[in-house]
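I have a structure I would like to understand better, so I am pasting it below and will then ask my questions one at a time.
For clarity, chains are labelled A, B, C and D in written order, and residue numbers in each chain start from 1.
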Amino acid sequence: MSSPLLEVLDLKVYFRVRGSLFAKVKAVDNVSLKVFKGETLGIVGESGCGKTTLGKTILLLNKPTSGKILFEGLDVVKLKGRKLLEFRRNAQMVFQDPHTSLNPRMTIAETLLEPLREHKVQLNDYEEYLIKEMESVGLGSEHLYRYPHELSGGQKQRVAILRAIILRPKLIVLDEPTSALDVSVQAQILELLRDLQRNHNLTYVFISHDISVVKYMSNRIAVMYLGKIVEIGNSQKLYEKPLHPYSVMLLSSIPIPDPLVSRSRKKVIPQGEPPSPINPPPGCRFHPRCPYTMDICKTKEPPLTEVEPGYYVACWLYAHG
Amino acid sequence: MAESLQDGQVLKVRDLEVKFYTYAGVVNAVSRISFEVYEGEVVALVGETGCGKTVTTRALTRLIEHPGRIENGSALFKRRNNEVVDLLKVPEEVIRDIRGNEIAYVFQDPTSALDPLYTVGTHIVETVTNHRKVKAKEVLRDAIRLLKEVVIPSPELRVKNYPHELSGGMRQRAVIATSLSNSPKLLIADEPTTNLDVTIQAQILELLKNLQAKYKMSLILITHNLGIVAEISDRVYIMYAGKIVEEALTTDLYYKPLHPYTQLLLRSVPNPLKRIEKLESIPGVVPSLINPPPGCRFYPRCPYATDVCRREEPSMIEVEPRHRVACWLYLKR
Amino acid sequence: MSIVKAVYEALVKVINFYVLVRDKLSPGWSTKNSSRVKEWKLMAYAFSKSKIGVLGGMIVFVVTLLAIIGPLLAWEPYWEYKVVEDPELWYHPPCIPPWCSGYPLLGTDEWGRDIISLSFYGFRISFVISLFVVFLGAPLGILLGLVAGYKGGLIDEVIMRLTDIFIAFPGLILAIAFASVFPQRIRAFLEANTLLRDFLSFIFGLRPNEYAQLAAILSVWVAMVIVWWPGYARIVRGSVLSVREQPFIEAAKLVGLPTRKILIKHVLPNVLSPILVMMTFDLATATLFAAALSFLGLGPQEPVPELGYLISKAGNFFPERTAHIVLYYGTILLVIALGWNLLGDALRDVLDPRTRRSIEFREGG
Amino acid sequence: MGLTTFLVRRAVTFVPTLLGVLLITYLIAYAVPTDPVRAWVGEKLMNPERLQEIREKYRFDRPWYEQFAFLVSELLSGRLEDPVRQRNVFTELFYRFPITVEVALIGFIFLVLIGIPLGVLAAVKKDSFIDFFVRIFALTGSSLPAFVLYYFLILGFFVYTHTTYLAGIPYPTQTCRDWIGSLPTTYPYVGNFISAIGSVPMFGAAMCGEWFVVADTFKRLYLPGLALGLLNGGFIARIVRNSLLDALGSEYVLFAKARGLKKLRIWRHVLKNAMIPVVTVLGINFGGLLSGAVIAETVFNIPGMGRYMYDSITRLNFPAIIAATFLFAIIYIVTNLVVDILYAAIDPRIRY
């Protein structure tokens, strides 16, 4: 882990609220993070916390309101034409729902050929190449000329993963790649992703609400709450000793598949529900649900402070300001 | 089959069979399954998508719609007045009276379970007035009390809210309040937290646990999440492709799983508290229920499959006290 | 159920022939598209199972055939007024052989023309005009709807306002207004372009020197195209809005496809099925709409045998002398429209993947 | 947002639509290659001075946009003059418009009476003979040329059985009209509105209690209404059927059953939900009925708007055309507004 492959600086993504002139959803608000070569950065948070928006914005599927996205040191936000195409080749995504992420009117071969053609990859025999690639994600060549509806959910997700890696990108954003699949299939896909990462030296941004899965997959984890990163650092440490009260609450909410442990452990039953991102609370956004709220939390936003080398928390309990 | 329930049993299902006569063919959604529920216990029904767990519970009060049909079986249920009836055979009038009154449901998706055109209050009020003769005013007071019970803040205002004015978690609380409005003996919660966030899920599970104890009702919890099962259930039934393959007390199941499917399933879920090098995965796919394989339905994916598994269906046997499994590995020995 | 089988086999033959040709042109095509061909055969099967669809398909086939060869079959030129020689022919009643002979079977119109022979010309005119309207109006609307739905923002707003304005008019009245404005201009245009004039009169089965009437037909056609597109624009926009949010569109963006390619390769194919069904239904509506405009006197005049116009003339002596004429021409219009409507109703099912999937499961292949 | 804000906002979006409608109408008229003024004056009265006078009056000597602005301002101030009949266009329109609306309304009632029960029946007996019949009925209805159906309805109802009239529109008696005319003085503000309603053939008579006139008028107008109902009833029935089936298959209905609700109670949920799409389609259809009235008025010889517009178009009388399209566009907009308000009344999710 030397230089960051991707660096996000003060990223803001605001959406206009339909039917209102002024109200804005602050989906991502002042987020900065680094992703290092070869690692997996997990992003966890509840629905509406902006994790998917963040992932899509990194790949320029959303237009950032302000901020920088540096990919290998180059700001990609304003890229156009050839340069943009070059970035597209290097950064790809796998979506949550394999049933809707493949065009139902195109055969698997057509779907997979599209990136090769668009990026003018010269090959002697496309068919042979595709068959080899299909095998690398555990799909037989007989699926090549089929339609997506003829494949199972797990197989479709394999195709979606293959489409993402077929141009040998450096970065892949995985947006809840297993949450639409059954548990038994989930394990297959997770293992496949880990194999591919090893073989192709890929860097992952793994977005999920399922903390067990994120923990299994990631080196570092970022916890998001209402458009902000509240804690980011080594996954093992974060899991063993979360610092931010929200991370504590989140972790203790996960049901543990071990009856004796899950019944004996100390639990913090979360209070309240996340407020609307249109009108986030002032100060620390978590303060209305936080058991340790102090006066300063209600007025001033806590900065993301480094408590240990490479480990950051945004909470007044750990900041001195 | 004698018309009797053992002590403490609320529900005893025998040989339940449900088929769907679709355009595509006959789907054997549920094939001759048997299970029982005791008073005041939490039973989990676990399985993957399409294994028939939802159909099973809906069949109990005959909520199976066209083109589905209950083909066979019995479901003895002890009513509030201690009368034992077979839910699958009683007249339509009686079953209607049992639904929502003695057996209540909580569906997976609270958004579509509530009629968007009626307020939360109306849902509760009509559920009560359809079963009991009570004054509307009293019911409304009751509704507010119920909303308070499911921890909805400012219930006096919330009764007048329409479903879309509530958040997902609040909607599920409202559904639970509606289902509890007649203090049922048996509550069937069908993946009640699947569409909710983890923190809300934890709240809802806690709520269900507390209410179950308070109302002294039995709870059938349908889920595919083994974490939730470990968290709140007393006993577990594992379903695979329309059949029950294993039945055990929760702790037995987690520490001494017998059926290969259960074993693999448990090893394919990442446990965040443990260091796992590699997740186990179950190869292959769930078989089609239109023409299920003749032998054990798990046979094509099973690492221990032998010839007999392909030919003949294993029957349930009790391997240890209160631990039953349907697998040839144990039948042979 | 031999009809089912016959229809299915005929359709499969057509498909196989197409596959054969494509395979000759580019070897390996059939293996690469086996799933597609299977899908087509499944559609053919689903279609052949629908009684309504088969009936509609047969009607459409016969109507198309009559529209193509009708003017050649007609045994009397529509421009010969026989009543000049024989006054008896003025609205002669039907003449059915055992009781009467020497006169046309279903009688004559006020110019003494055999109404059956005359109707063969009518088939052609109605058919061609409805085809023209739908195949011009629909693409226009589809294009505008695609752009509006995909681009959003100001472009969307402008296009949808315009659509709103056109929908706010009662369609028939707007068409009347347009149809009354265009003829003179189109007529001048046709006078200048003799080649186009000859070609169009050939298509409509008219004489080239009838270009004044041709101009009237064309103005009805232009008027209809102008009122036709907004419906498509709205529907396409609606479907595009939902397709636009699908992850596979985002995946296509990530591949780096330009907007034009995304619209053509990813968006359009996924909104096309309902459009095809709507077009089929609209062929019926357009036939009736064109006839209605002619009925009001906005289409061609003498001697062009447009069905709507023929009915409106017969209406002057209704019901004493002309009930059967109105009935005959009315039935022709009904049959043409019914054919398309039945076909459309069946296509709606056939093009719905869910129906196909379930058939696939049941028939096991 | 309250209802008022909603109405104001809707009104603002309607202005461009209305102006667009007027502009397009005007441009169509403007595109006519012949001189409209000659067509207005007619052969007998043609002389250069008079032509010049009319040209100046309608700003024909100015650029097109000034002509348009003149027409619009005259129209909005209610002063626009019909150059052919040489009197205010609204005099004629206010006589004819109510008749067309009444034909459309009667058609609408038939539509609802035929469409909704058939649709409910088809949904309840899904895949039965009735369901198939409704399907065929809908397809045949949309395949029938309207004017041919009208001819044969006349044949059946007038020529053979004489259960309808075919000439003129009966009006309330003079005493009745005088009485309505005297109302505005009694009710100073609502009076104008009442007298406008009073001139609507059936309402006026109904206000005075002249039921025989009401009956006569109905006898005159029901046939075109019935025809419109027959042509579109099947289509409506299909919509009703599909939206009912959608509601019946929904999760909240299942949950209602799971709560043990009585049949009647469940149907209340189903019907209310199924109404939403039906209201939209009925709203769109009402606009279609007005348009379809043109042909009906031609065949049934009814002195309504459609025939008037048709005559005006052929005589290039575009002040009259513009006024008439203006009214039609307003009706369209009002229908839309009514649909929106009905929506909000049924569906709590819609809060302007």
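A few comments on the model shown:
Note that in this section a contact is a pair of C-beta atoms (placed from the backbone, for glycine too) under 8 Å apart; a residue touches a chain by one contact, two chains touch by 3 or more.
For clarity, every value in this text was computed on a predicted model and none was experimentally measured.
The interface with the greater count of contacting C-beta pairs, when A-B is set against A-C, is A-B.
Put simply, the chain farthest from subunit C by mean CA position is B. Averaging C-alpha coordinates per chain places the centre of subunit A 33 Å away from that of subunit B. Rounded to whole angstrom, the centroid-to-centroid distance between subunit B and subunit C, based on C-alpha atoms, equals 54 Å. Rounded to whole angstrom, the centroid-to-centroid distance between subunit A and subunit C, based on C-alpha atoms, equals 51 Å. Each of residues 357 in subunit C touches at least two other chains. On subunit A, the positions that touch subunit C within their shared complex are 56, 59, 61, 84-85, 88-89, 91-93, 95-97, 100-107, 109, 114-115, 118-119, 145-147, 149-150, 160, 163.
Interface residues of subunit C, counted against subunit A in their complex, comprise 31-36, 39, 246-248, 250-257, 265-266, 269-270, 353, 357. If you check the complex, the residues on subunit C that touch subunit D are 52, 161-162, 164-173, 176-178, 180-181, 184-185, 281, 284-285, 288, 291-292, 295-296, 308, 311-312, 315, 318-319, 323, 326-327, 329-330, 333-334, 337-338, 340-342, 345. Those residues of subunit B that touch subunit A in the shared complex are 48-49, 167, 169-170, 197-203, 205-206, 224-231, 250-251, 254, 264-266, 268-273, 276, 278-283, 285-286.
Those residues of subunit A lying in contact with subunit B across their complex are 46-47, 152, 154, 182-188, 190-191, 209-213, 215-216, 239, 249-263, 267, 269-270, 273-274.
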